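Have a look at this one before I ask anything.
We call the chains A, B, C and D, going by the order they appear; numbering starts again at 1 in every chain.
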Amino acid sequence: MSSSVAVAGASGYAGGELLRLLSTHPEFEVRTVTAHSSVGRRLGELHPNLHTLGDLVLQETSAETLAGHDLVFVALPHGHSGPLTDMLPDDVVVVDAGADHRLINENDWHRFYGGDWHGAWAYGLPELPRQESKQREWLREATRIAAPGCNVSAVSIALAPAVAAGLVETDDLVSVLSVGTSGAGRALRPGMLASEIMGSANAYKVGGTHRHIPEIVQDLRWAASGRGETSTADIRISFTPVLVPMSRGILATSTARLAVGATEDDLREAYAAAYGGERFIQVCEPGRFPATAEVLGSNLASIGLAVDHDARRLVAVSALDNLVKGTAGAAIQSANIALGLDEGAGLPIEGVAP
Amino acid sequence: MSSSVAVAGASGYAGGELLRLLSTHPEFEVRTVTAHSSVGRRLGELHPNLHTLGDLVLQETSAETLAGHDLVFVALPHGHSGPLTDMLPDDVVVVDAGADHRLINENDWHRFYGGDWHGAWAYGLPELPRQESKQREWLREATRIAAPGCNVSAVSIALAPAVAAGLVETDDLVSVLSVGTSGAGRALRPGMLASEIMGSANAYKVGGTHRHIPEIVQDLRWAASGRGETSTADIRISFTPVLVPMSRGILATSTARLAVGATEDDLREAYAAAYGGERFIQVCEPGRFPATAEVLGSNLASIGLAVDHDARRLVAVSALDNLVKGTAGAAIQSANIALGLDEGAGLPIEGVAP
Amino acid sequence: MSSSVAVAGASGYAGGELLRLLSTHPEFEVRTVTAHSSVGRRLGELHPNLHTLGDLVLQETSAETLAGHDLVFVALPHGHSGPLTDMLPDDVVVVDAGADHRLINENDWHRFYGGDWHGAWAYGLPELPRQESKQREWLREATRIAAPGCNVSAVSIALAPAVAAGLVETDDLVSVLSVGTSGAGRALRPGMLASEIMGSANAYKVGGTHRHIPEIVQDLRWAASGRGETSTADIRISFTPVLVPMSRGILATSTARLAVGATEDDLREAYAAAYGGERFIQVCEPGRFPATAEVLGSNLASIGLAVDHDARRLVAVSALDNLVKGTAGAAIQSANIALGLDEGAGLPIEGVAP
Amino acid sequence: MSSSVAVAGASGYAGGELLRLLSTHPEFEVRTVTAHSSVGRRLGELHPNLHTLGDLVLQETSAETLAGHDLVFVALPHGHSGPLTDMLPDDVVVVDAGADHRLINENDWHRFYGGDWHGAWAYGLPELPRQESKQREWLREATRIAAPGCNVSAVSIALAPAVAAGLVETDDLVSVLSVGTSGAGRALRPGMLASEIMGSANAYKVGGTHRHIPEIVQDLRWAASGRGETSTADIRISFTPVLVPMSRGILATSTARLAVGATEDDLREAYAAAYGGERFIQVCEPGRFPATAEVLGSNLASIGLAVDHDARRLVAVSALDNLVKGTAGAAIQSANIALGLDEGAGLPIEGVAP
């Protein structure tokens, strides 16, 4: 029997992508969609691509509308999920695609987000390699799950195996990401107009200010230690996102200084060990590096590896679809785990290309 | 009286851009255009955007067709310029937009390009800050000039002032570039088809294999020392270009570990000192970072700076048009210097945006 | 039990899209993929987005490799399918995504394609409204099916109900299509380089020369009459495709002079009657017109209608994904019908947007 | 001596493009830039591509700030220019890039725009072929000039010679335009977000509702008759703009039923006669059709012609840059004429491609 599902924040891009994937999920049935300024409108007006769900009518986002479902996905701007989900019954499985419950360190929350901190939930990156490899166990017990930030997944997946295996130095990581525009959401801002974006590339949140940085640090500390407790590893990362003219996709180029004695073979073994059994992470054969088109619309993340001996750095290039493996797909994958379903239920693997 | 000009390799993108800029240059008159497989065709067939020069007919690329001009621009695939330009008379000013005469170290040539090395020429990056600041003097005396690689200019301009001033450590630089497709030239390759590029980003020449790396190292050694001689500075750079869906433009994100005690004020002073008098380099006010659209069609390079205290790195974001400041504009700028003209003659500053 | 499937011409974009859709089809199992110059390569090398099928190895395209399957999809350049499929056993269901068996009139074949004509097959546009509405019957009996041309489907779907109902004059139709680049296939041609396409629009095959014109005429004659026989209706269409910077999608703007007395209500009724029961054709509510993004990756075609009283023309705007409803999806839809399966098996309806 | 220039509405895309072109105009000096909500900001904040003019500060748009210049360009939303320019002294040359003074028929104004009509000005399309060919005379006497709408120029230039020569029927014209996003201006609207536009095409103002229709009709009536008076020609046009993923450019496909006996030779002669002496209009050789990239950044309009004998229609494909020949370039070209300067002063001809 299907689980009944509600999506809060259905009018945005993350909400729309949750609904696109949920529409063909074999075990979930979308009953309720909620929004704020679009209450009363047909879903099809906001997401004309959602042909089979178009007649659902957006309701007010509130604990009342959301309660009574088996599963609630929350796709709200940060700061809005905490107060709302506090009021939901404990037996409802809640998966938050936003940031409110990702950070375990309250100071990080205050520094990068501000406002009240509502505590960390089980973290929805099941593939994150950790020395005690208990990431999935955490999710299996959970009724509250925080899906990772899209850039975070791209970088953490790319670097974690090397960090976990001690093959790179962790205090001078550098990641530069080419990111598509849908990650910026649907809010109207001058810089997001098509005329400004097409034919141009520009960096933003330069110099250590992006909110995804503390989350990457948290992930990589986990990679270096055990569940829940942060390690004492000194993780430092220079992180720069570059907006490029495509709607979807993140291509992260992450580099880390090689630990003394670390070889390319060591690294390939570590990545194979970490991800060999993962259906949603692919490590490319030597010499190949992924393009984001390969994973468009798919829940797969793909990683290519190179060792630069002159620069003494590992270069890990990772690609994912920010709206799928970066957001909605990750949320559904974690929900599948929490509900004891096939982890890949409803999640596409083939990318839509060209 | 105008100088008579020939362009060798007029059928490609670099050749086309040279001609676009030359068509309105107040002191140059294009007399001859040459090519290889397109000999006998009208220029307008290959570059329908070149309306005023469209009736020029492409001749064979040879010393005979090129000799007899005051100024020859060469835009040929690497390995083709050396043998050809060896045969040109000494009094012809030759500016090579290709790679054949950029590297002063023969071993670097053999490792990254292969084939015969034809020696280094005066290097056409007049703004490169050097301790003895003799870059322009070199060009003023020159009849043979090598214009820099497009990615090289983007990175060298962004890092050289910090290197010259000793404000960063030079042995662990990291640059990741978002680059437009025109830099790959007009050769037919499956990966360059529009269907493969649009909506996608992909990295190439990952792991220290790109040919522009030794040239960046050379530039930054110059930045740390005097003209012509390489310094003993240990320059190491992890360099990754990422192809993104735009025709023109390079956005380089370059990071360098801060030297002990270096402050943001120190850095801003060094960049102001290096570029304050340069009309074709702009350092953005704090908090602003350039987009490539700002310099599309323009000979300007624009740089934004940030200091990331957590990561202990300088982040320099630079934007230029790979075909203008990255290639054709740089070549014309150097020719202007060599011929004693106004350095900016014929070179646009305003970008074509949106 | 699954039907065993072969795809001939698996290295191109149409072949790739067939495989993307087949990979999740509940009743089909891809056993064999064939190609020409790529024989011996892994499918994943050519289509890195096809993660689950990547290890299939491309075999030679021949009757021997293809025979022995229940179902063969052919995605070859025109002229190659005829001789090949002549040699396949009668009990194999063959669906040709190419042009060889679409035209019932041999003269049209010679004029627009040239070479030997191999006869027409059952025509894979089940939704085409015909006065005797026997399009699906034809497919139900068929073991040889020709899927329509992508532009043809976009135009025929948009105009056929009005033609069938006699609400427009048929001798002065005008269609202009914005088409994505993937329709041009994977062959290397200078005009298809990303640098030439991005930021630009250009028309091609202007002035009545496009090969899809006789097929549109054929469809609209069917729309005006009974199965198989052409009507005597005088169908004339000015057809201009415009290449625009997107990989996928066709947006066709088709106009037809209104018949005397025809009203917008009449037209809406005719389209509702024609398509009300169709799951893969959507007629938008008055005032709304589709964008191609709504149907990206989907087998849906969407149509918006307007009546321009000043110009005395119906304007029908139709959107479809050229690789899905325009090619691979249409082929699979017809195969489903021919094999007695659910017509929509394996075919996505929701579009991948933004 | 330079003329002093003010630009009203400098914060938008049309204003920005006026300033880009004016920055290198040999006879004009920009003294004043005005805006509404951006008053007090540096021009460089709004148009970072305008490097040499970046320090101009935006003033309030008012008759006081604008008076006292030799030449005023107005780039305001429709309805705002009329009341403002009524108050400017008669001896100031005013060129309006907006719609307020284009239509000579007050009823058309009320039907398509609404609000007060402020009368028609001299019409800034000097190349429009008219039987008495007095278009330029009108501009030479003018101190008030209305530059045409961007789509209008694309269509009128493409069809006017055929209409003027009586070679096509005028009562059933059909134009479909692929248009870039900058034509929609800088206002924030959900449909103009980059995520919605990239990878998609959509039609808007379908069915005879676009405001540029009456202006095209007016132009083509002029083409059929004498200056100022409208002819009695019955001009009807089905006009559909399609938004495609590029910032700049219009590619208009315009078709007209051939008059009885009209041949392709007749048509080519008519276009040669109309445009042979025009430096900013190019008629392509038979078989060639322009791409918008050829005229990006340029004041040129390019036209390709074909005759479709089956469809009995002329097909004219025209390309221009909506911000240059479509708006700012046209405005400057007309100002040059009005002020007795070289008509092409400050106007680029070569396009920026690829």
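Here is the rule we use: contacts are C-beta pairs under 8 Å (C-beta built on N, C-alpha and C of every residue); 3 or more make two chains touch, one makes a residue touch a chain.
Since this is a predicted model, take the numbers as computed values, not measurements.
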What's the overlap between the neighbours of subunit B and those of subunit C? A, D
On the document's contact criterion, could you list the chains that touch subunit C and likewise touch subunit D? A, B
Greatest separation from subunit B - chain, by CA centre: C
Just give me the whole-number Å value for how far the CA centre of subunit A lies from that of subunit B. 38
Centroid from C-alpha atoms only, then distance subunit A to subunit D, rounded to Å. What do you get? 46
Shared-contact residues (touching 2 or more other chains) in subunit D: 13, 182, 193, 195-196, 198-199, 245-248, 290-291, 293, 296, 353-354
Partner subunit C, residues of subunit D touching it in the complex: 172-174, 176, 178, 193, 195-196, 198-204, 206-208, 213, 236-240, 242, 244-249, 251, 253, 255, 257, 289-293, 296, 304, 306-313, 315, 317, 319, 353-354
Give every residue of subunit D touching subunit B within the complex, in rising order. 13, 16, 20, 23-24, 47-53, 182, 198-199, 247-248, 282, 288, 290-291, 293-298, 300, 348-354
Complex contacts: residues of subunit A adjacent to subunit D: 13, 180-182, 184, 186, 188-190, 192-199, 245-247
